[in-house]
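Structures for review follow.
Next come two complexes, and both contain chain A; in the first it sits with chain B, in the second with chain C.
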Partner chain A sequence: MSQEINSTNQNPAGDLLVVENLTTTFQTARGALPAVGGVSFRLGANEILGVVGESGSGKTVLSRTIMGLQPRTNVEVGGSVLLDGHQIVGATDEDLRDIWGTKVAMIFQDPMTSLNPVTKIGKQIGESLQVRLGMNKAEAKARVIELLTLVGIPSPEERYDAYPTQLSGGMRQRVMIAIALACNPTLLLADEPTTGLDVTIQAQILNLLDELQLKMKMSVILVTHDLGVVATRTDRIIVMYAGRIVEMGTTKEVFRNHKMPYTRALLESTPRVSNPSHTRLQTIPGRPPNLLKLTEGCAFAPRCSRATEKCSQERPTLEPTGVDGHYFACWNPLEDQAAPVSIQTGTIKEIGEDNVRG
Partner chain B sequence: MSEANNKVVLSVKDLEVTFRKGRQRVSAVAGISFDLYEGETLGLVGESGCGKSTTGRALMQIVPSTGGQIFVDGDELTSLNKDEARNLRRKMQMIFQDPISSLNPRRRVKDIVAEPLDCWKLAKGAERDSIVSDLLNKVGIDPAVYGNRYARQFSGGQCQRISIARSLAMRPRLLICDEVVSALDVSIQAQILNLLEDLKKEYGLTMLFIAHDLAVVKNISDRVAVMYLGKLCEIGPSDTLYAKPAHPYTEFLLGAALEADPELEQSSATLGGEPPSPLNPPSGCRFRTRCPFATEKCAAEEPQLRDIGEGHQVACHFPLVGAHQ
Partner chain C sequence: MLKYFTKRLVALVLIITAISIGSFYMIHLLPGDLATVILGSGNTPENKKKLFAQLGLDKGLVHQYLTWMSHVLRGDLGKSYITNESINTSIAKALPIDLEMIVVSQIVAFAAAIPLAMKAAKKPNGLFDRISNGVTFGLLSVPSFIIVVYLVLIIAIKWQVPGTGPASFTRFPEWSWLFSDTGTFFTTLKDNLMSLLIPSLTLSIGSFVVYFRVLRSDLIATLQEEYITMARSKGLSRRRIMWRHAFRPSSVALLGTAGINIGGLIAGGFVVQYLLSIPGLGSLLIASITLQDYLVIQSTVFVVAVAVIVINFAVDFITTLVDPRIARD
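Let's look at the complex of A and B:
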């Protein structure tokens, strides 16, 4: 996972994934909910892209839409997701089945609810080998044992017959990874793959993903809320807020020279091990907006200390900074990283009326 | 430690909690001792299953302790009868991880916050209302606008504020916070951490802050205790413990914590394996099966917590610092 593999925007032909103006709108009893509101980005081969945002920012819905996984009813998907020449938006179930496993695979956050508790793990991993690759039982079993070894599960022959409940959380996540990698996908979507795990186990799983990404020459989209994970494990990142990309660029550039006040606020509200104890944290006042009541302007404007009148009237578009495919969406971008923005500190005394649910 | 003094609010001696699992026994907390001084925040960290939450619950006697003693302002909690214990527990309050399920969704916010006052018949009428309004103001919720709303109408962060207000209604000496920010987004998490710091000063609280997030724990704590498989590995002032961990487990734990900085050289040394089952813990030092420095002595003899200077204690035969002592 070298930092040299940057955006391949200059070479669209080499892009594995091209997402254009993607929208995912859920029809709810209270109206249309634009979970993903027009997202465009490209992903190169062998690239690791981080998608960060708080809950409700649309990062999980985005990854599921890229995979072609969404409910059949009450959802509208617009725009285009082109994966290695295959259009995912509007694809039929048969088309998708051709792509799942071999082109794109996904690891979910909670391995326990994603695995079948009453089926042996060997059978769960081998299923796609038999169905998709047409292997017979013996071939599939041999490959499953290879995969179990690959993902670092000790005594794989014995574990082949284990049920998910007999494994720890970390081991279950390794099984999930084995299932995802069984058919050598070119794109791996990992949605919060380490969120429920302890830090030492998280480190093991992230190292494993790194190693496998190199070995299997995959592109990876790593969806997470954890800034520590994206900082250390990705080449490029996308910062999402209220269903849209607000900043995008190489990981180093975004951490060092972010232009969007939300990105800075997110970074500054994260407690750090390297800071002395009792370091006052910067806070973002208020809460993320209600997606049912999005206005025309920038969704972050009500919480932003740099907001002007224009921000609440007109939505900023993603503009390039001119550096390394770094884009941001803000009318009043941060000029110089030396000048700290005055994000409100302390207890928030006012919580706006529309911040309360219901 | 500026506000802390030498008055001990909570003293835990050889606390044990054993659960029965069929015919087997799981010792979730296997004899831990520590003191909590007035005005300080002690962070308790460890991975899942290490017994940190069980410790918090045992201190409140939500789960019965099976051994050891708990002194609150000098009064021993475990030997008291039910009524006496209940009385003593007024000094202690606990806030839990899941703020939404900690509140009754069908009750009004002001009644939730007033419940402790009602239970103990401490205030009624206008006095009750004014205490409740004051508490809600303190946690950043406008009582005039939100006091009559139901708990279900609030987000996680706001529910956690309401839980905090409720816990302060009894004016407790000691506040036990069990993973109170782990369900919250970072921007909300920062709000709650700052709020707890402010309230601690204002109300002169002593806090036990239980969490798995090392950065969060360092941020809020004056001292930090590290647990592994039911035992304390190490306890010391936050800045010292994070800068110079003495127990190999602490060092691995800190090494696995990722800093949100892509340009920082970060350790990629990982701890192999997983914690052993508490049903059958290793002999001697419980960490020895994963410890790269383990010797025969570690299997034969259990290391006891010992002082290595500056209020820093470690339970290891071969500590990484202060080995000369």
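Let's look at the complex of A and C:
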């Protein structure tokens, strides 16, 4: 898998991040759990990459492993992650400390639990400024107030002394963003940055991220289960299922010409404004597979309307579609779609039969 | 914050009042006759009546209580019926001994428990964690009167550490190193600390075991928190993460435990005091109970109870500094 991508996507000069055949396996009491099962992709400078998939598809573990932030016990990481020349796989916390915060930073999923509850937010943001950038107290405080203003927190001087519990969810997520941006990282990993927030706040936070990405010239990996979130904000998309990439391409290609039935299913389970009201939302039947019991075949096969005998016996590899940078892993790919995905009520099976030509 | 403390302060006053009533009335629940104790064979009804009139015990209970309280509030705990010694003086002699034992033992206990708990929590179920867990669990089940005997055997008798022998306890501090006119400040301080070594060590082992276990398990839980991963992602050192990000949120239960524990050590160190004949509050209490010296019992219990409450109030205050969420709701 990794060779194919290397051969067709040779662009080492512009790549900030090169991930090759990355695996993250948790040793659990019930056996080895391959949370990330061989992922390869590249990310250019200033690029925004969306990583989508259901809960449990390995998105969060992937983003943490890319940063080297996975737990240190009972985990095995294989493959390679080169971030601006730094090998992340196999590095210790001590090795990575130099690039954490300054080269790569993360916005965590849940602003309720990711901020230290007993430390003032100003201190939490300023800490890396003092420890990592060697600012003194006054410099750090001035910079923190700048950062708070940058992420749109009103009356930043007062908020400097607030504890996380005194702020709303949206405000806390802004604080998280300020922490992540404090040391001007070149790569920002945003792990479901809006999941815990209500919809209007979600849009604000995402717009803020867009704006800051332009301003600060960062590459961003935006991890989400919500395709609506990535549609207008990313250059490229990776669709993950059961710890593997099942489709990857430019955002436009993936939305218009997706090949993988799972991508289709994800798209159809996203509500759209253009739908008539009371349109029933699609769901994907079944559950994500138990990663402890993965079979030889395609992990999506049990839930897939197009599954054949082959699907349950042999795992499809990522194949190029011919359109540059667009890959998919499916034995029975969807045909080219002239029109965007239509939304109907009913199950995936019906859609599979009615909607897909061929 | 202010509202929280006003509320706590009101509660404090109410509790102390309740305790004063309790410790006053407790005496009247005890069997035995004060007149027999004081008058001995001269306990005739006539003498008894005279005695009670003299001591004010012929008045009603409410009157007696209010008389006692009005003296207590003016800082006068009264006099022993039996030795006629001022209770203020007895307590002033005994209390510093308790305080010094507590302060020294708590410093030792915290100084040992915090770094060791951190080391154990770094790798839960690692070798160090399992050993320290096993040892502290073992120590937890050894009562202080066993520990103290072993410490005397080892330190004072086997190693012959000077100044720690049994003779040292009876000439125990009274803060003599502060007021003594014999010897220099440091030699008397050294004497003082040496005589304190075994009893303080005994108390500190008991406290250490509890603090270690409480802090270790809280640290392990805290280190799993998402904000610790967040702190890692900032590129902070392990040491900084442990002290700045894990220790503080983990120390709330530790503080609560310490409050209860220290409260228990005031006079609660009496087993150790009794075994080593240390003239602290515990010894004073035991002696007065044996003599049925009612007013001394009553006043000592009251002073101890007030001390326990004040300490816990102080601990609550520190806790709100450590975790400001507590005072807010």
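Everything below uses one rule, namely that the second predicted complex is superposed on the first by the 321 of 358 C-alpha atoms of A that agree within 3 Å, B and C clash if a C-alpha of one lies under 4 Å from a C-alpha of the other, contacts with A are read in each partner's own complex, and residues count from 1 in each chain.
We take it that a contact is a pair of C-beta atoms (placed from the backbone, for glycine too) under 8 Å apart; a residue touches a chain by one contact, two chains touch by 3 or more.
Model, not experiment: these values are computed from the prediction.
Contact with chain B, but none with chain C, is seen for A:V229 once the two complexes are overlaid on the shared chain.
In the superposed pair of complexes, A:N116 makes contact with chain C only, with no contact to chain B.
Within the superposed three-chain arrangement, the count of touched residues of chain A is higher for B, of the candidates chain B and chain C.
Of the two partner chains placed by the overlay, only chain B lies in contact with A:R272; chain C stays clear of it.
Of the two partner chains, neither chain B nor chain C is touched by A:N290. Using the contact criterion defined above for the overlaid structures, shared-chain residue A:Q130 touches neither chain B nor chain C, since it reaches no partner. Applying the stated contact rule after C-alpha superposition, one finds that A:G101 touches chain C and leaves chain B untouched. Once the two complexes are laid over each other on the shared chain, residue contacts for A:Q204 go to chain B alone; chain C is not touched. Considering their complex, residues 3, 54-55, 168-171, 198-204, 207, 225-232, 251-252, 255-256, 265-267, 269-284, 287-288, 345-351, 353, 355-358 of chain A touch chain B. In the complex of the two chains, the chain A residues touching chain C come out as 64, 67, 69, 73, 93, 96-102, 105-106, 108-110, 113-119, 127-128, 131-132, 163, 165, 176, 179, 182-183. Residues 123, 225-227, 229-238, 240, 244-245, 248-249, 322-325, 328 of chain C touch chain A in their complex. On chain B, the positions that touch chain A within their shared complex are 47-48, 137, 139-142, 145-146, 149, 152-155, 157-158, 185-191, 193-195, 197-198, 212-216, 218-222, 238-239, 242, 252-264, 266, 268, 270-272, 274.
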